[in-house]
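In what follows, a structure is listed as structure tokens, so that the remarks can point back to it.
Chain naming follows the written order as A, B, C and D, and within any one chain the residues start at number 1.
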Amino acid sequence: MVLERDPALEVVDMPINMGPQHPSTHGVFRMVLVVNGEKIVDLVPHIGYMHRGGEKLMEAMDFRQGIGYCDRTEYLAQFSAELAYCLAVERLMDLQVPERAEYIRVILTEMNRLSSHFMFAGAFGVDAGVFATSFTYAFPQREFLQEVFEEVSGDRLMYAYFRVGGLAWEVPDNFVQRVHEVLVHSAQGLKDIDDLLTKNEIFMARCQNIGNFSADQAIAYGLSGPMLRASGVPWDLRKDEPYSVYDRFNFEIPVGNYGDVYDRYLVRMEEMRQSISIIEQALEQLPPDGPIVPEKMPRRLRTPPGEVYAKVEAPRGEWGVYLVSKGGDKPYRLKMRSPSFCNLSALRDMTIGQYLADAVMILGSMDIVLCDVDR
Amino acid sequence: MTAQKAAPPTLPEKQVEGAPVVAPQREQTGIEREAERLTPVPYEPGTALYRQILPGILQVPADAMLALSRKSSLWPMTFGLACCAIEMIATFMSRHDLDRFGIVPWPSPRQSDVMIVSGTGTKKMAPAVKLLYEQMPNPKWVIAMGACATNGGPYTRYDRVVQGVDKIIPVDVYVPGCPPRPEALIDGMLALQHKIMEERNK
Amino acid sequence: MTFQALLDSYLAVFIAAIIGFFLVASALIAARVLAPFSKEKGKSISYECGMLPIGSTRASIPIRYYLFAILFLIFDVEAVFLFPWAVSFGHAGKAAFWEMVLFIGILGAGLGYAWKKGVLQWNK
Amino acid sequence: MTLPEGQEPDATSDPGATPEAAAPAPEVAAETPAKPAAERPVRPAKEAEPKEAPRVAPPAGSINETLAAAAPGVVFNAYMVPEMKGECVTVEVSRDDLTAVMTAARDDERLDLKYLRCLSGVDWQDEGLEVVYHLWSFTKKHSLQVKTRVTYDDANVPSIATIYPAADWHERETRDMFGINFEGHWNLVPLLLPEDMTDHFPLRKDNPLQEIEEWQGENLRDGAGEGDE
């Protein structure tokens, strides 16, 4: 006589819904965690809650109107998105961007990287349990940076300041002096967050050795940016495939060696220091005057038929634009290769086997922007 | 080449006189199934017990006192959808402090009074928005922050976007802007407070 | 301590209990009376981040949570005993001190044993 | 967004440096008072713009020879598009030997294209649907662009999610947007669309944009429109 066990008493894996409205999903991302006690057995990510068809609408807009959608798709690193879009169209039309415009673009993109990483540090602190302290450290620095962006482009968040071929208008006269001021604040803010989080016992215990991803796993899953560099692949588009004038600055690329959550945090912190030094070098080499739009700008932006894949090192990774054009002033097909989308696809294999509390840390370390994921 | 290749309708074999022509039942397309998920939530103010038991003359001060207390401690639910969420967080933070109005961001709908819809309401997110709105306790208000929540904003022509959150939940205050500046959101909050004081005796 | 003094000291406790009761009662009654209730379709659905709840709550919880709960309970009760001792620590005399040290020692040994057996680790 | 006023193009500017672009000569700048129609220069007739991007054979010794060696028995035509600045050789492969090419690209140590950078679908309307793969190699520092084209009614492409795990979500997204069915994909459930919407493909060219609704009066709560002032 075989005693079979009552199925009701069986310890079954419990699905937990970490849904679209959740303080630590950085937006509308939903994942169903199948949990056995504290260990995560399976993870089913659901995205698409912010899919609002940026690519379809950009096909209906000509090249000047499409820039607004780049900002709204990647709304923490707007200048990187605009830069990639402008590089794609400029390379398609073989336009030569004047010197001064290139330098101003680099300065603004690197300042945007600072403000994006400050947002990461603030949000990551909240995930680690330092409830609002890291936010109150990070956001004043973002406000200083946004002040300069507002003086330059007129808007706090949606700049639409880069144009195909250069810039929309001249920067204000005290631009260089304002940027120096803001850099002093940013350096101080970076030091505050560093003192608050990096050497913190509990923070290190929570971050180290979870969500490890080896180098070839990271390459196989198509990760890019700080996620790839934290896994030990020294790959930075600004260094290895230099675009615009990045080859004229010298800066190092921080590379982690374990690929865990703590390395990703350290890589981003080090990247902020490198960005500050890049901005300072760019400010010195900035030609004081000169055109910001090429003289021979055609009145209507018509591109020859063809295709181009332009890529930029955005704070989250490689933000690429695959632009197919059949001639005419509207892109025929425009695919935005967003780094958050590719990094997020690796979340499942990073989180299975970890504890429930670490899933939040791993998701936070990816620094995803949900509109970038769903486009 | 029609986009939705619906299954070809099956023709009834023989037509029996007088028999009602049964419309060929084809399997619902995705869009039709989604239509009933997007039905708007009716606005129900709900009636408080003290309105029945307190005599009329005492209701006026009670309403005034309640409205004053409700308006000066509005707890918004952190419901950051898209780019407007960044401006909403910037408004909560130290420079454009919302705490001075008694506005404390609250993660769960069970204890929050205001739902700030900051971002685009897509059709996939609409059932979640409706459910969260229904789960909020009753004196509740909705602020549609930004152009996307007001009428779809720059994404209004895409067919996966609900053209304005007021098509699914009743909205009280619309804050213009894409994204609205923190001052605009504060102005929206003050307008809501003014509205609460106005509507107290309904 | 005459019976009257005893009664007076318990009077304070009695008054505190009454105030506590009325505080809680007023909060509940105020919510019931003042809040405008409305029976909406989704109001009673349990909150799960905006989604319909999945999985059943009848699923049986792994046994390890029970161990954590018991350990917490033991040391919570220990803390309750520590409070009166800590208050009267100054004039309680030596014996009370060593008695409490013995008490904490026994519980500490229990914790050490549990720690060594790996109860505090979650590894399956 | 108008052109900055300082940069009014003069009438004689030739249209940019792109040789093939037959951009129409811009009209006469408007500073001079409007000339009577008779003297206005007749605009040269616009030559028909080339619809297809000019294709250049890749130089000798480039990546497509190594690919041919690595994946024998696969017929493909390789070309380069000038706009890609000589950086990307494009290989058009038929759908059946796509997996052969992909495994060769990833495993062959001469190619070593371990990184799938981007996978995108393109809807060419009458010429069918096209899937474009961008591959990159970290060690060899070269890139390859692989294209396959399928017709509308049997839009099936073998899935490469097993070869490149990065393609998993890209393929699900391309299926959502274009309806290209990737056979062999382990869970081809809609990713960006609701789970039960498998017959609506938003990014196809014949799927129109939604009309902007006029004032949405009937959906607003009654009395919400009047405002109190």
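Observations
The rule we apply is simple: a residue touches a chain if its C-beta (ideal position, glycine included) is under 8 Å from a C-beta of that chain, and two chains touch if they have at least 3 such contacts.
Owing to the predicted nature of the structure, the values given are computational and were not obtained by experimental measurement.
A simple rule picks the central chain: find each chain's mean C-alpha point, then take the one closest to the mean of all protein C-alpha atoms, which gives A. Centroids of chain A and chain B (each the mean of its C-alpha atoms) stand 30 Å apart. For the pair chain B and chain C, the distance between mean C-alpha positions equals 39 Å. If each chain is reduced to the centroid of its CA atoms, chain A and chain D end up 23 Å from each other. Taking the mean of the C-alpha atoms as each chain's centre, chain B and chain D sit 37 Å apart.
Residues of chain A in contact with two or more other chains: 19-22, 48, 51, 53, 56-57, 60.
Listed for chain C are residues 49-51, each touching two or more other chains.
Multi-chain contact residues of chain D, defined as those touching 2 or more other chains: 193-194, 202, 209.
Taken as a contact graph, with one node per protein chain and an edge wherever two chains touch, the assembly fits none of the named shapes, being neither a line, a ring, a star nor a complete graph. Chain pairs that touch one another, listed by label: A-B, A-C, A-D, B-C, B-D. Put simply, chain C touches chain B in their complex at residues 32-38, 40-43, 45, 47, 49-52. Residues of chain B touching chain D in their complex: 1-6, 29-31, 33-34, 40, 43, 123-124, 151-152, 156-161, 163-164, 166-167, 170-171, 195, 198.
If you check the complex, the residues on chain A that touch chain C are 8-12, 14-22, 30, 32, 36-39, 355. Only residues 47-48, 51, 53, 55-57, 60, 64-65, 91-96, 160, 163, 168-169, 216, 219-222, 233, 235, 240, 291-293, 295-300, 302-309, 311, 318, 320, 322, 324, 326-328, 332-333, 335, 337, 341-342, 344-346, 349, 374 of chain A touch chain D when the two sit together in their complex. Every residue of chain D that touches chain A in the complex is listed here, in rising order: 1, 3-4, 7, 9, 13-18, 20-21, 23, 26-27, 49-54, 81-85, 88, 114-118, 120, 122-123, 132, 134, 138, 141, 145, 164-169, 173, 176, 190-194, 202-203, 209.
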